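Common to both upcoming complexes is chain A, partnered first by chain B, then by chain C.
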Partner chain A sequence: MYLKELTELDGVSGNEQQVRDFINQRIKDKVDDLRVDVLGNLIAYKKGTKGRRKIVLAAHMDEVGFMVTNIEEDGTLAFSPVGGVETQVMPGKVVRINGKTIGVIGYKAIHIQDKESLLKPLSVEQLRIYIGAKSKEEASKQVKIGDYVAFTTAFDQENGRVTGKAFDDRAGCSVLMDLIEKNDRYEDDLYFAFVVQEEVGLRGSAVVVEQIHPDIVIVIEGTTAGDDPELPEYQWATHLGDGPAVTFMHRGYVVNKKIYEAILNVAVKYSIPHQAKRRTAGGTDAARFARTGAGTAAGVVSVPSRYIHSPVSMIDLNDYNNAVLLLQKILEEGEAFAR
Partner chain B sequence: MIDLIKKLTEAYGPSGREEEVHNLILQELEDHIDGYKFDNVGNLLVWKTGSSGKKVLFDAHADEIGLVVTNIDEKGFLRVESVGGVPPHSYVGHRVRFSNVVGVIYVEGETEEERKKNFTNLNLDNMFVDIGAKSREEAMKLTPIGSFGVYDSYFYRNGDLLISKSMDDRIGCAIIVEIFKRIGKPHNTIIGTFTVQEEVGLVGASVAAYTLVPDVCIAVDVTDSSDYPKSFKRHSMMLGKGPAIKIKDRASISNRNIVEKLVETAEQQKIPYQMEVLTFGGTNAAVLQKTRSGIPSATVSIATRYVHSPSETVSLNDVENTVELLINYAGKGV
Partner chain C sequence: MDVKELIKELSLLDGPSGYEAEVLKVIEKKIEPFVDKVWYNKVGTLVAEKKGFGKGKLGIFAHADEVGHVITKIEEGLFARLEMIGGVDPKIMFAQRVRIHTKNGVAKGVVGVLPPHLQKEEHRNKVPNFDKIFVDLSCSELGKYVSVGDICVVDMKPVELNGKLCGKAMDDRAGCASLILAAQLLQTLRNYQDVYFVFSGQEEVAGPGAVSIAYELKLDRAIVVDVTHGDVKVPQFVQIKVGEGPAICVGPSIDREFQSKLSEIAQKHNVKTQIEPAPGRSGTDTDEIQLTGSGIRTALVSIPLMYMHTPVEVVDPKDVEETARLLALATTVE
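After this line comes the complex of A and B, so read on.
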C-alpha cells in the first residue's frame, strides 16, 4: 500500500512527473513491459497464461490544484484552478508551488470583515497566494507564470481511517500497485494504465484504447462519499466503511451491464463488502474508454472518499483493502469473468 | 409501417439497456440484411452489400431517456435520478415502467406550503417512486438499485399524427428498418447502426462507424418543431412539411455536399422537405464525423412536438417522405 507516499507527491493535471516516476520505480521489475506514451500515460503489461483477452485496469495519476497566472507588483500571486476546486475550500490553505516554494492562499481575517461580506461567496479573483515576497522582483526569483500549485497535506492515520490529499485518484494508483505487487499471473493479458489529465476532461485516457484495443476496462477511482449527517441518507453517494463502490451509471456513461453485473457477482461470490454508487453526478475515465477508437466495455470500482477535490480527504482502509481484494478476485476469475 | 412504429416506441430501452429494441429490430430485418454484428459497446450494426464499393451509413439511436433507481427507503419507496434530459414535470402523477414492474411518481411535501414549493420547483431530489412494495427487501427484489425505468406510455394515432413515448429516436430506427425492407439490391452498401447511449452523451455513435468505415454518415433523429401555441419562435420546423434537412445545431454542422445532394434528390423526386437550423441540441452526427480520420456526416430530422415528454408527436407523412428521400439518396453516387 503506497497511500502515504503517493498522496504526499504533487501531481496536478499536466504535471504528473513525480507520481509517474515514483510508480515507475516501484513496479518496473514486477511487470513484463512498461512504457510512457505520447501524452504521458504510464502503461504496464503483464502477460496472461492464456492471453485470449486484454483487460485494462486504469487509475489517474493527476489531482486537482492550481496554476500561477500572474505575479503582482506586491509580490503576491494570482492563480487559477486546474480541475474542479470549489472556491470556498481555498482560503487559508497552504500550497506548494512548483514542488518547492511554500505559500498560503490569503484570507481576509474575520476581524476586518462585516456581516455582509462574510456571507458572500468568494470568487477566485479575490484570492492571492502569498509566498512572503515583498515585490514582483523578489517573487520572480522563486516562481514564474505557469508554475503548478498543489495542496501540501501530510498523510495521517487513525482508527482505520486515513486522511490525506488526492485520494482521488492516488487511492486507485495504490490499488493498482498492490495488485502488481501480488505478482500473480492471471489468464487474461493485463495492462495497468496510470493515466494523466483526468481532472481536466478525461484527456489521457482518450489515447489508451487505440494503443491496446482492450476487451474490458475497469477504472479504479477515489469517489465521492457525500455521507453528510446533515443530508438524508437517500442523498448520499456512498458511505465510508460499507465497502468499495460499484458504479452503474455516471455522467456521460451507463456502465456496461455485463461488466456491472459481473463485478457484483464476484463480490457476492467471495462475500466482499460492497455498495452501489448511488448518485450519478461526476464522471470517470470509463466514459472516455467507452467512446474512443472502436470503444470498449468499461466498468468502475471506487474507494469511497469524503471531501474529495479539497486539501484533505478521508477513506476507510477496510474499503481500500476490499477494493484490492475485489479486483484480485475479478482477475482470478480469469476468462470466466464477464463471459 | 405503423405497426412497426408502435412496436418500437412501446419497447423498453433506456440508455444502456437497449437489448429489447435491438432484438425487435433484428426480428424485423430477418431476410432483409446481408449481415449484422454487435460492437464493443453494444451498438447493433446491420448491412446490405452494394456493387459500387461505396458505403452509406444511416444511424438512429436505440435508447430513450429514463430514470435510474439510486435509493430505496425502509418502506419500499424508491429514489431516482434522470438518465438523459428528463424533465421532472413530465413525471408528476405519471407512471414509470421498469423491466418488470410499473411505479407511480409523486412529490414530497409535509405542509401545504412545502408541497406548493416542491410542485413549482420540481426536482427529482424531492420526488419518489411508489412500486407498491411494502418494505426495502421487497423493493430490492423488484427494482434493485441501478434498475432503469422509462415512461409508461403507449402508441396512439390521431389522423396523420402519431403519438408515443420515445419517438426520439425509435422513429429513426423505424425509418432505417423500413429502408432495408424496401430497398432491393442497393447500388452503394447500406449500413444501419442502432446505437446505444445517445441520450447520456452520444456514447455509442462515437465508436459505431469505427469498424465498418463508411464513406458518409447520416444521423436520422427527431428535432423540435415550432407549430404549437407559443412554441419556439426562432425555429422554422413544422410537422407535415417533410423531412428536415439539418444545416446546423449546437453540436454539429452538416457536411455541405450531403446537404446539397439531399436537397437535389428531394427536388428531383418531388419529395417535400424543409431545411433545419436548430439553435440548441445535437445528434450523433456530431461524433460520427469525428470517427478515425473524419467522415462526412449530416442529419435528417423528423419534426417532433413535445420532445422528451411521454407523448412525442410526429407526422406519418413526414416519416414516409423521409424513407423515400433516404432510399433515393442511398442509390446515388456518394
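After this line comes the complex of A and C, so read on.
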C-alpha cells in the first residue's frame, strides 16, 4: 500500500510528474514493459500465460488543485481551480506552489466583513494566496503565472481509516501498484494504465485505447461517499466500510452489463464485501475508454471516499483491501471473467 | 530566546477561552526565570511580577486564550456537532482537521464537506451555519470518547512564509510572546515601575480574565498587547501594515497622556510604530480594564495580523520583537 507516499505528492492535472516518477521507480522491475506516452500516461505491461485477451486496469494520477493565474501588485496570487474544487474548501488552508513555495489561502477576518458578505458564499475571485511577499516583484522571484498549486495535507492512519488529500485517485494508483507487487501471472495480457488529466475532462485516458486495443478496461477510482449526517441515507452514494463500490452507471456511460455483472459475480463467488454505487453523479475514465476508437467494454470498481475534492478526504482500509482482493480475484478468473 | 520558535511553540498549544491552563503552564515556565514571582488569581489569570526601583504599578496584558469550538452533540456513526467559542467564520471550517480534548486524550476529527458531485444549488448558494457543520470522528481511536462539552480546535501546524509566521492562535499568542521577550529584556534594562505581566483568559468571550486581575492589583497603568487587522483595506481607516511595527491605538478607551508618552518613548528609541484610531470601543480587554475600580490609565499596543480568527493568522516576528522592546522601555520611566 502506497497511500501515504502517493497522497503526499503533488500531481494536479497536467502536472503529474512527481506521481508518475514515484510509480515508475517502484514498479519498473516488476513488469515486462513500461512506457510513458505522448500525454504523460504511464503504461505498464505484464504478459499473460495465454495472452488471448488484453485487459487494461486504469487509475488516474492527477488530483484537483489550482493554477496561479495572476500575481497582484500587493504580492498575493490570484488563482483558479484545476478540476472541480468547491470554493467552500479553499479558505484557511495551506498550499504548495510549484512543489516548493508554501502559501496560505486566507480570508478577511470575521470582524471586518459586512453583514451581507458574512452570509454570502465566497467566490474564488475573492480569494488570494499569500506567500509572505510584499510586492509583485518580491513574489515573482518565487512563483510564476501558470504555476500549479496543491493542498499540503499530511497523510494519517488511525482506527482503520486513513485521511489525506487526493484519495481520488491515488487510492486507485495504490491498488494498481499492490496488484503489480503481487507479481503473479494471469491468463490475460495485462496493462496497468496510470493516466493523466482525469479531473479536467477524462483527457489522458483518451489516447490509451489506440495504443493497446484492449478487450476489457476496468477503472479503479476513489469515489464519492456522502454518508454523513447532513445527507439523508437515501442520498448516499456509497457507505464507508461496506466494501468496494461497483458502478452500473455514471455520467456519460452505462456500464457494460456483462462487465458489471461479471465483477459482481466474482465478489459474490469469493464472498468479498461490496456495494453498488447508488448515485449516477460524477464520471470516470470508463466513459472515455468506452467511447474511444471502436469502443471498449469498461467497468468501474471504486474505493468509497468521504470529502473528495477537498484537502482532507477519508477512506476505510477494509474497503481498500477488499478492492485489491476483488481485482486480484477478477484477474485470477482469467478467461472465465466476463466471457 | 528565538522569537520564531517561541511564537510557533505558543501557537501550537490549544487553549480556547476558559481552557487556557495548558498554555499558561508553558508561559509560566518561560517567564519565571526573568521575574520575582509568578502566581495565579481566582479565575486562573497568570501574573508574573517584577519589582521596580522606583514607584507605580504597571500591568502589561496579553490574553492566552484563542477562539475555538465546543462539542455540542454526538451523532450516530461517530459524528459530532460543534459551536464556536469566540467569533469564528463558518466559511473557513470545511475540510479542516480538528483536535478534540477528551477525558481520555486528544481525539482527531475532520470537518466534513459535501463533494462537488453531490452539491446542489441549495448547498452552493448558502453559507452553512454551525448547525450544518459536522465533525467526522471515525478516523480517531479516541473518537468514541468524544462527549458534549469537550473543547475542540482546528489542527494547524505553523508555517513560515518568507520570514512571517502563519498559524492558529497568533491572536494573541504573538502578544504573549512579546511579554515574555519584554521580561527577558528587563534582565538588562531596569524597570522603574513595578511590572506585572498578566496572561489572561477568556478575552475572546469578553470574560473575567483581565478585569479581575486589574482590580486585584490596583494598577496605576495598563498596557494591553493584542492584535489588529494588518494588510487589509478597512473602509475609512488607515491601513495597518504587517512588518512595520506595533500599532499604538488612539481613542476613548485609551489614556491620551499615557499613549503620547508611549509614542514618545518609541520615537526616542527608534521603535517602529504605527498609529491606529479606534473611535469607539477597541474590541480588546482595554475597554473594560479602563473602567476597573476607580479607573486605570490604559494604552493599547497591537501587533498587525492578517486573517484574524482563522487557522492561518499571519504575523511578522519582527513586529513581536519591536513590541517587546517598546514594552520593556515603557517600564523604565516614571
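The definition used in the following text is that the second predicted complex is superposed on the first by the 337 of 339 C-alpha atoms of A that agree within 3 Å, B and C clash if a C-alpha of one lies under 4 Å from a C-alpha of the other, contacts with A are read in each partner's own complex, and residues count from 1 in each chain.
Basically, a contact is a pair of C-beta atoms (placed from the backbone, for glycine too) under 8 Å apart; a residue touches a chain by one contact, two chains touch by 3 or more.
Note that the structure is predicted; figures quoted are calculated from it, not measured.
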Overlaying on chain A: chain B and chain C, fit or clash? fit
First (chain B), second (chain C), both or neither: which does A:235 touch? both
Let me test your reading of the model: by the given contact rule, A:293 touches which partner, first (chain B), second (chain C), both or neither? first
So, does A:280 touch the first partner chain B, the second partner chain C, both, or neither? first
Contacts for A:335 in the overlay, against chain B (first) and chain C (second): which applies, first, second, both or neither? neither
Chain A residues touched - chain C or chain B, whichever exceeds: C
Following superposition on chain A: angle at chain A, chain B versus chain C, Cα, nearest 10°: 130
Applying the touch criterion given at the start, work out whether A:91 contacts chain B, chain C, both or neither, answering first, second, both or neither. second
Tell me the contact category for A:137 with respect to chain B and chain C: first, second, both or neither. neither
Using the superposition on chain A described above, determine whether A:255 touches chain B (first), chain C (second), both, or neither. first
Once the shared chain is lined up, is A:119 touching chain B (first), chain C (second), both, or neither of them? second
For A:33, using the defined touch cut-off, is the partner it touches chain B, chain C, both, or neither? Pick first, second, both or neither. neither
Quick one: smallest Cα-Cα gap between chain B and chain C in the superposed arrangement, Å? 11
Does any part of chain A touch chain B in one structure and chain C in the other, and if so which residues? 235, 279
Which of the residues in chain A come into contact with chain C in the complex? 74, 84-86, 88-89, 91-94, 102-113, 118-122, 130-134, 138, 153, 156, 158-159, 161-163, 224, 226-231, 235, 237, 240, 279, 281-282, 306-312, 314
Partner chain A, residues of chain C touching it in the complex: 75-77, 79, 87-89, 91-97, 108, 110, 112-119, 124-127, 132, 134, 136, 138-141, 143, 154, 156, 159-164, 166, 229, 231-232, 234, 243, 283, 306-312, 314
For a test of understanding, state which residues of chain A touch chain B in their complex under the given definition. 215, 233-235, 248-249, 251-257, 260, 276, 278-280, 287, 290-297
Chain B contacts chain A in the complex at 15-17, 39-43, 68, 70-71, 73, 79, 81, 83, 125, 145-146, 148, 197, 200-204, 206-207, 210-211, 287
